[in-house]
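Here the chain labels run A, B, C and D in written order, and each chain numbers its own residues starting at 1.
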Amino acid sequence: MPHPSSDRPLGVAVIGYAFMGKAHSQAWRNARAFFDTPAYEQKLLVGRDAEQAAAAAGRYGWQESTTDWRDVLSREDIDVVDICSPGYLHAEMAVAALEAGKHVLVEKPLANTVAEAEAMADAARRAAAHGVRSMVGFNYRRVPALALARELIAGGRLGTIRSVRSAYLQDWLADAESPMTWRLDKETAGSGALGDIASHLVDQIRFLLQDRVTAVSGRLHTYIPERPEAAAAGAPAEAPARKRQVTVDDAAWATLDLAGGAVASVEVSRVALGRKNSLQVEVFGDLGSLSFDLENLNELQFFDGTLPVRQQGFTRILATEPEHPYLSSWWPQGHVLGWEHSFVHEVADFLGCIRDGQAPSPSFDDGLAVQRVLAGVEESAAAGSALVPVDG
Amino acid sequence: MPHPSSDRPLGVAVIGYAFMGKAHSQAWRNARAFFDTPAYEQKLLVGRDAEQAAAAAGRYGWQESTTDWRDVLSREDIDVVDICSPGYLHAEMAVAALEAGKHVLVEKPLANTVAEAEAMADAARRAAAHGVRSMVGFNYRRVPALALARELIAGGRLGTIRSVRSAYLQDWLADAESPMTWRLDKETAGSGALGDIASHLVDQIRFLLQDRVTAVSGRLHTYIPERPEAAAAGAPAEAPARKRQVTVDDAAWATLDLAGGAVASVEVSRVALGRKNSLQVEVFGDLGSLSFDLENLNELQFFDGTLPVRQQGFTRILATEPEHPYLSSWWPQGHVLGWEHSFVHEVADFLGCIRDGQAPSPSFDDGLAVQRVLAGVEESAAAGSALVPVDG
Amino acid sequence: MPHPSSDRPLGVAVIGYAFMGKAHSQAWRNARAFFDTPAYEQKLLVGRDAEQAAAAAGRYGWQESTTDWRDVLSREDIDVVDICSPGYLHAEMAVAALEAGKHVLVEKPLANTVAEAEAMADAARRAAAHGVRSMVGFNYRRVPALALARELIAGGRLGTIRSVRSAYLQDWLADAESPMTWRLDKETAGSGALGDIASHLVDQIRFLLQDRVTAVSGRLHTYIPERPEAAAAGAPAEAPARKRQVTVDDAAWATLDLAGGAVASVEVSRVALGRKNSLQVEVFGDLGSLSFDLENLNELQFFDGTLPVRQQGFTRILATEPEHPYLSSWWPQGHVLGWEHSFVHEVADFLGCIRDGQAPSPSFDDGLAVQRVLAGVEESAAAGSALVPVDG
Amino acid sequence: MPHPSSDRPLGVAVIGYAFMGKAHSQAWRNARAFFDTPAYEQKLLVGRDAEQAAAAAGRYGWQESTTDWRDVLSREDIDVVDICSPGYLHAEMAVAALEAGKHVLVEKPLANTVAEAEAMADAARRAAAHGVRSMVGFNYRRVPALALARELIAGGRLGTIRSVRSAYLQDWLADAESPMTWRLDKETAGSGALGDIASHLVDQIRFLLQDRVTAVSGRLHTYIPERPEAAAAGAPAEAPARKRQVTVDDAAWATLDLAGGAVASVEVSRVALGRKNSLQVEVFGDLGSLSFDLENLNELQFFDGTLPVRQQGFTRILATEPEHPYLSSWWPQGHVLGWEHSFVHEVADFLGCIRDGQAPSPSFDDGLAVQRVLAGVEESAAAGSALVPVDG
């Protein structure tokens, strides 16, 4: 019985206070001020370090903090669990929370392995039968310009989609002297750019086209195969850093076959010097086309091939009108939103689904499908890029 | 005694819950989560309508609401007053609050008339002698890209500034059937596009160049001289709307002489179809140049004329690095901010000045200077654009 | 009798071989290869220096050269005279050529003074009565994207025009050590940025709106009042350059009233560091808007305010389709044109008018109107920017 | 003996008068007017249809025309042969011309098959021993911005190149009703988008990196597998068009391994609705990056990672300064060039090599290497995208 029979506000807990924990906390703090959500309270923040967790809780508006994530299972006043821990912990936490009757939001990617993702999707399906909701945090679905892109495609404005050209380019690892982290170790991170950012592209492609991936050819590459160990606290600065092995990719390429006949290309890199957070998606149909870049996230470029040729061209839609998705809740036209707002929309929609008894999207099944595609890329890469069938 | 001797958090009140009240409330709700501010509490929201004020307070995190703005004067637990009421109320409220020993933030423009602005600046100077702080809310000074622009100029990267080309173009009044509001009535609004948005440009020019305006030539125009009356609640839809006279400008042009020799052009419009919130500033020096557009507010274009000619060009600086103003408090590089963040920075800086006993900027004197320039534009416009000296 | 009764090709002469002479020569060399023109021959190039003139004639495809411009008057085989000499020579040459029954193309601006321009317009009107054609070389009317802009406006796609925002920014005089030239001396050049580049803007505004200028407020400025004398050939490099007085403006600003109610702003500079050849025009109507920048001259930005709000935005029309003006004569779509092509179109259209007995546009009367507007700007600038009526 | 001992001008013949014949003719007509070339004459145009060939010769400045391409072999006054015929004719014509001692420029791609390309490269090597020059027309190497890109890379400004992201997107075949042509038949065209436009990308990658391709994974796709037969002249309009099979790709994808360790991605399409002629190249190194788009061919975006982080960003270099490649011969800064100018540069450089006895670039060996890479893509595509080694 996920819904408390009482009328008390939903109790929310978040696990994690690093980058994603901070972003999700900001979303929980703001959703209610702008969107019509069911009542909720920011009850509990879970973090590894007691002191830092307490500080983060105070800063981001959580009533309490703890270092034991299992507290969220046992506490009856927690109804919603938002999991922002590293990927290798997702499966255990999410399954337990779902089984405890908590609604679960998991930061992307759903898991580090297909097996974990399958277990999670199974748990989500079982929980859904009892009205427990689950969602995976591919937040870019809720960037207004991309939500608008989906609406234009759904409305037939692009006709039949022929191809997608996508990339997610960053450069925070471009410096070969940037130190080793858990994100560069296959044990903890699962994969590198592939899982971290190609996952967003695969989700976008599935979302925009509402289609399945049936086969992939892929390629992985690690430009910087070893990096200096991160300096230990108190270590003498002059000591030469020991080198450690990077065991994940820092760039990946793939082509995807979609069931409906489209072909999508994917390219990701965390060493693309000069590109900061550039998720680019171009969709080409037989009636129209779209282009988007996350570095200008308020803009969608739309080419309407049904207009007279003389006036055709890519139209820069500044997606800040009340008529655009999510915008009527914010500011007057032209007053642009930022990256973090996508999380506010995500949380608001998730809360709405809980209230209305609807299935949130993207579901754990969506997250699983993405995972299968990524696994297909790895398999293909290991086989000299040969095409492999996938069920994604 | 503005600073309570006790260690209790600063108590903040906001007056207004419409567009600006909402934006400022959002800033107060978020400043502490990202910036190192003195402790403060969102005590009181003041609004005209009791029910709406109470709702807004709940939504935006204010503990209480009231319909009587004078409550902020009498309450000892209020230390800071943030005035977001229409411009014609600014002077009375701000002077009273300052005299009551409250720190005062006033939304721009400072006032509707030079006389009001002078009274406010006088009050601010008197209050400052007792450690009471005041600030006018030209929030765009705290858009990171514009703060960076100021730093580049201050660092001599543009050399001697020769000219500024600026515009603030919107189109929310482009439709001639858009109804009459208090913003289009000289009695309540003071002026139209001039006070509303040219004020931002004048402040930016003074800020970026750290210079005074000595003379202006100006021009005002009202393209749509009458508009339908806003439909009264319950009025029959079929009744033809009565027309009412628009008594303010909907576009304005000016050239400004700066004391240091630069010439600045200003163009503003609220009927520039297709431009949504496009504050554009270009600054040309003898060593370098800058260009900015608020519709892409994370970007600053910088031309470095000291580089070899072969590689010169406008560099699109995506001002989202930790090295850029305000950014180390937010997200990793490339994760862009929105319009509302400028208010968060404004509030955080104001709080910092209160804590540190520093004079906030822009001051009421800055606000007064802007007002004098705007009055000069009106005077010049009335005199066939003839140049008039100003002390701005 | 301008049209030879015989069927011999038209004989063309050009006066000048510097920048404009080279550009026009290139147009004459190419017009026939791409456009359906009457037959013509590049007969004669006139230049000050015999040797250089002969070399230029050889290089650019002229059969002969001379140093005496009056040869074009006396030679019966010359039917068309293209005048690319400095502005102070235009009037004498053009009037004489027209009176000799030659068709005349004059590079812009038409003349250095209104009096000269009036004499030329008179001569053109007299000549037209005998079928002699004349045209002033505001070549940007024939940039395809701007020709398309005119078509969109003529087709009512912008509705009623409310305002134009225009600028022509260059930086070739930004360096204060760049030496003195005849272009910086009022005696030879007439004016500075005003006549040289503001003239293009005034012509564009008149062209796009097909409207008259009735009043102007203006402003001139000279940022660099003296410059080193150009080094004489053979002068010792170590000799310090003598300084000479710059007697023309290097920047100008104006607002123009159009008869139809629109207001246009004009800003020009030859010291706008970083802007290379940036003629910018934005036109705002009540149904649509346009934006153009000569540095991307194949593109026109069109905002269609009649589309549903959700899909409104500026459309980047890459004006390279066969459906666009002049393009069917060139390359397949997307194969962009350059600056020089505007002159090819100018020459081709002029030849077509000669063949078809039509009045070319822009006419000398257009050139005169521009001159009157520029004179109005100077008059206003001298009177502290006070508005002056003009017949432009 | 390719160089005539006499001092007579070089005699040039062109084979073809369609799209490429027109573009090359325009180059021959203009090269001498802007560049310091050896003397040459446009002697002979060869075309299939006598009447059209004669008309084209007249229009584009060729002294004579013929329908028999072997005339160029036998005529002693022909020194240079420019081959713009369809690809399947290149080998026979080029080998014969080289063996006849003529300098040969061949439009890209070098040939339709590797075998043909090898024969041509052999012939070129043999001819070179006698001072006979040959060159393949990958004209984009001579777009000034791309030539500048090469210079920046050669100068070490990008450091070690890690990856290239490239695409060539067009949409002239996006309409499924666009009729069948020889370009869509494998017999005559060899391949589709792959040979036509991916060849440009492969050449650019090899050029910019001065590196060899060692392996490729590829993919081909035909979105529109049959098209209506082109209407025969005189056919009744109402007759339904018979459908014919398209036997070439209309889109292709590949990843290339470069010997130096870089990975390059390639995507091409002739059905990418809205992209008109968009050759995009991005090059990412460990010190800097570059980005280019042929639709804005005067611009190169350069990211200099060695600058202080605060001022890093992509710099839009408007490659129109005298300091930029080829520009000192054209117009003042900011006066942009068009697509066709790349051919003028190509012809001028080829003539310079003939005069100076230097080996032109790109050579037939370069053309052969490109062909091998394209063949590798086809082979990989046929093998489910599995990586295949190539000697490219």
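By definition in this document, a residue touches a chain if its C-beta (ideal position, glycine included) is under 8 Å from a C-beta of that chain, and two chains touch if they have at least 3 such contacts.
No experiment lies behind these values; they were computed from the predicted model shown.
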Between A-D and B-D, more C-beta pairs in contact link A-D
Working from the CA atoms, figure out how many degrees chain A turns to land on chain B, in steps of 5.
180
I'd like the Å distance between the centres of chain A and chain B, where a centre is the mean of that chain's Cα atoms.
36
Please tell me the distance, in whole Å, between the geometric centres of chain A and chain D computed from their C-alpha atoms.
42
Cα centroid separation, chain B vs chain D, in Å, comes to 55
Multi-chain contacts in chain B, i.e. residues touching at least two other chains, fall at 275, 312-314, 318
Any idea which chain C residues touch chain D in the complex?
19, 23, 25-26, 29-30, 32-33, 59-61, 170, 172, 275-278, 294-298, 318, 320, 331-341
Note which residues of chain A are touching chain C in the complex, please.
148, 152, 302, 304, 308-318, 321, 323-324
Contact footprint of chain A on chain D as seen in their complex:
162-163, 165, 167, 169, 174, 176, 217, 219, 221, 223, 251, 253, 255, 263, 265, 267, 269, 271-275, 282, 284-289, 303, 305, 312-314, 380, 383-387
